[in-house]
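By letter and in written order, the chains are A, B, C and D; residue numbering begins at 1 in each of them.
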Amino acid sequence: MNKRTTSQNNGLNLKRVFKVWLMQHAQACIYSIGQIFKSPVNSLLTTAVVGISLALPSGFYLLLDNCQRVAAGWDNSTQISLFLKLNIDEERALSLADEIRLFEGIASVDYISRDVALEEYRQKSGFGDAISALQENPLPSILLIHPRIRSLSSQDSEKLMQQLRALPEVDTAQFDRQWIQRLFAIIDIVQHVVIILSILLAIAVLLIVGNTIRLAIYNRRTEIEVNKLFGATEAFIQRPFLYSGLFHGIGGGLIAWCLLSLSLLMLKAPVLRLAELYSSDFSLHGLSYTGLLLLIATGASLGLVGSWVSVQRHIKAIEPN
Amino acid sequence: MNKRTTSQNNGLNLKRVFKVWLMQHAQACIYSIGQIFKSPVNSLLTTAVVGISLALPSGFYLLLDNCQRVAAGWDNSTQISLFLKLNIDEERALSLADEIRLFEGIASVDYISRDVALEEYRQKSGFGDAISALQENPLPSILLIHPRIRSLSSQDSEKLMQQLRALPEVDTAQFDRQWIQRLFAIIDIVQHVVIILSILLAIAVLLIVGNTIRLAIYNRRTEIEVNKLFGATEAFIQRPFLYSGLFHGIGGGLIAWCLLSLSLLMLKAPVLRLAELYSSDFSLHGLSYTGLLLLIATGASLGLVGSWVSVQRHIKAIEPN
Amino acid sequence: MIRFTDVSMQYGDGNEALRKINLYIEQGAMVYVTGRSGAGKSSLLRLIALIERHKRGQIIVNGQNLERVTGRRIPLFRRNIGFMFQDHRLLYDRTVFDNIALPLVIAGHRYQEIRKRVHAALDKVSLLNKEKVSPIALSGGEQQRVGIARAVVHRPALILADEPTGNLDPALSWDIMKLFEQFNQVGVTVLIASHDLDMIKKMNKSIITLREGKLLTHIGLTINE
Amino acid sequence: MIRFTDVSMQYGDGNEALRKINLYIEQGAMVYVTGRSGAGKSSLLRLIALIERHKRGQIIVNGQNLERVTGRRIPLFRRNIGFMFQDHRLLYDRTVFDNIALPLVIAGHRYQEIRKRVHAALDKVSLLNKEKVSPIALSGGEQQRVGIARAVVHRPALILADEPTGNLDPALSWDIMKLFEQFNQVGVTVLIASHDLDMIKKMNKSIITLREGKLLTHIGLTINE
């Protein structure tokens, strides 16, 4: 016995060890694929559960992503209204606009003359008759300034506002700060919700895969015992379970992707209707290919981690008797 | 053998049969509770997964509910602005308001005099100086009409508008229809999302419970075989599994409730901040006790149905050999 | 009690385990079934307990034609049989007591009754001191005895025992056979599959011999085809 | 090859299965372990295969002190043992071929080699025609023979067989014992637990007898305490 063992050990050069290792990996992989196809319905069920659990956080990510796109649009539409003094004429106003264009953090400056302002106001307010009855235009001319918000911090914008207010031609400067605050408060809530849900669902995926593997381990208790009795290493025994966790995860990722695509399809119509109402050309952004890869990778790693934890906890506990 | 069987059958009067039935139910119930406490961690894991899957659709229900509350607030705040002709004096306006209060579908009517309107406008628009410089008040007096929206159909409101426009004192009547349409489009999307998610997650709960029970059945294959061999009826064999599905469902309901309460707690702060920004006294509405009961009932029935399906599919397949 | 008429039986894979068996066992008899490994002893017992169904021929057990015992009638039919398996089939997540109590629990007896009967059965196989342990903590022979206790605890009208003494030493085997004989003496029909020819001869009971699925001798008579 | 010095062993529940065992088995010997049900035969074999660990005393197997064989060393140690279980322990979701191939797969042999060896082993237990079926489709004795084939297929240096013939008729038992003898003749150490005293006597090999966990006779010598 002793002689055999040692001579065998000496005979095992590194190349052979690696070959055996590779072969056993292939065996475990094929074996767990076989197990999956042996009970396709049940494997599909588990994978579907994983898929649903993965689809949800990704769906929320998409939702948040789309919200931020919308918000970005709004960001650009935030503007500073510079009400000029009533005694500033058009020429002065236009040259002031040119000056302001050279300020830092300014995307564009539009001039609205007193007449245009009155006309717009008449249309929007609905006081048609009343305004027509006025002898004098009560409105000032306005410069609409679009800051380059993305590059503008809260401090910077404060500085800009002071700069603008200091101009001698300016009566008042208004910055629609409140709207931005509201927007950020809403996004804040959405982010809170998404984070909570993502954590919950990542836990759910781990639990589901872990639980499935756990029960699979218990189902194959005799197999594990017999394997251990004939000298199988821990790695050898764990391999098929890890592979099946991995496959469940990957399958779950794919199913999640299908679910997301389907949901997007179903949401397309109502979102389009909404966008029309806002006369916006906004359309839902789907998952990119990187997103698909990421989804599968996430599924795979959650599946692997879930089965790994389960395997660590439960295979050790099974000792032959 | 024959004699024994028949005499035994005759001896079983209805009362005894019922007693045995009750006793066996109690046994199955206690047995499955015992099974749960035998591996508390694993039971908790399964229950947690069910809980998460239940928490999500309920969370969305809550979200939708809160959205609708907010929307209801907006509904009430939608109003018809009735701009009176400039030559209508205060007395006439007030008596007109009284007249309108008697119309159908009107909740309240507020009078805003020309002076008040100008003052408000001055403050809101920021054209302080410009308006102060005016010699004449260009604004008409306004009647703000709050319709009882809940009872007002789209047709009714159209009729009301025509009625109001026909009044000789009225210059223009504005109804903020666009805003409502937008709101409903948004709610439509949210509802789509919630419905998709709820379906997905109800399926997930069924799958999870079904899968858990399936694997439990396979784990107890020998037990089922031996039971069948000693003359156990299908009902007898199924009972413990159905109970354990039920308990997982109920436990899941409870966990879902805890998760929801926790999430609400975490969302409280940002929502409050938002509400402050809108200077609204809105606060998150949590789950009522009926909601809790409903949650547990849903969990219980999903658990029962999931295990029932699983039991039907798999216990039949296990025949002694 | 048991009558086979031209019974043949195939397993799902076309394996013909029994061929044209004709036999008759009286109520209250004690009969041994012997034959080499794979001859069909277990298959014969399984047919009677409805674990397998026969394809051709007719089996009458206790006046009931087994072809008519289907669906919901199977459980009630089985409650009058005590089956002892070649591979024990004990439940390792329950105590010995619970294992033996199983047929009584299924029949819906009350606890006091169950306790009394289980203790009596444990006493008969000399395992009273192992009542509270799991069968996994028992030696092979002890497990076999638990299986025997479970097969007799509900006082069935028919006992089918498949190799009840395969893991027992000669002395203990003898005791177990005597135990079956006691049951037989109070009117229970007993059918035992065994390959322990020495002991079977010593017991001096009727013998059925199988060879490759065919009946070779029936209750002492050699069958000529 | 195997040396026990004052070995005692307890199961978790305080059950003392072996008490102060002293024995020595030479390399290449063939030894029977007998004793009544529950005497400790299986426990003795389990200690050698490291399925259970002893509490007191010292066990040397093949020059290795078993106390030092822990963790990662256990698998390699076990690969040189062929174990045959009292309760078969076959995997019912694999074919007979795959069951027997298991020790070779674990050791990482290539398919051609595995096929050759498994066929040789199947041939020795006369089950070549059952290669492709699941063990569930085999009779009790056939399963037992599959277990034996699995125990010898990887040509271990030590074979431990627990009641290898409990479900076999006398003629087949004899063949199996002769098979073990063949292995023994090419230098393999063989240790067989059995209660079939008649056959053990006929085989004319060394015998170890246990009684309630104590050594009663050792290789023919009665032990006096």
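Here, contacts are C-beta pairs under 8 Å (C-beta built on N, C-alpha and C of every residue); 3 or more make two chains touch, one makes a residue touch a chain.
Here the structure is a predicted model, which is why all the values come from computation and not from measurement.
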item: Labels of chains that are neighbours to chain A and to chain B; value: none
item: Two chains joined by the most C-beta pairs in contact, as defined above; value: A-B
item: Chain B and chain D: spacing of chain centres that average the CA atoms, whole Å; value: 65
item: Centre-to-centre distance between chain D and chain A (centres being mean Cα positions), rounded to whole Å; value: 60
item: Contacts with 2+ other chains: residues of chain A; value: 321
item: Chain C residues counted as touching two or more neighbouring chains; value: none
item: Pairwise touch network: line, ring, star, complete, or other; value: ring
item: In contact (per the touch rule at the top): chain pairs; value: A-B, A-D, B-C, C-D
item: Residues of chain D defined as touching chain C within the complex; value: 11, 13, 15, 34-39, 41-43, 86-88, 133, 137-142, 144-145, 162-163, 166-172, 195, 197-198
item: Sites on chain B touched by chain A in the complex; value: 42, 45-46, 48-49, 52-53, 55-56, 59, 63, 81, 83, 85-86, 126-131, 133-136, 138-140, 171-172, 174, 178, 181-182, 185-186, 188-189, 192-193, 196-197, 200-201, 203-204, 207-208, 210-212, 214-216, 218-219, 259, 263, 266-267, 270-271, 273-274, 277-278
item: Touching residues on chain B, where the partner in the complex is chain C; value: 1-2, 4-5, 20, 23-24, 27, 222-223, 225-233, 236, 319-321
item: Residue ranges of chain D in contact with chain A within the complex; value: 1, 27, 46, 49, 51-52, 62-63, 72, 74-81, 83, 89, 91, 93, 102-103, 105-108, 110, 150, 154, 157-158
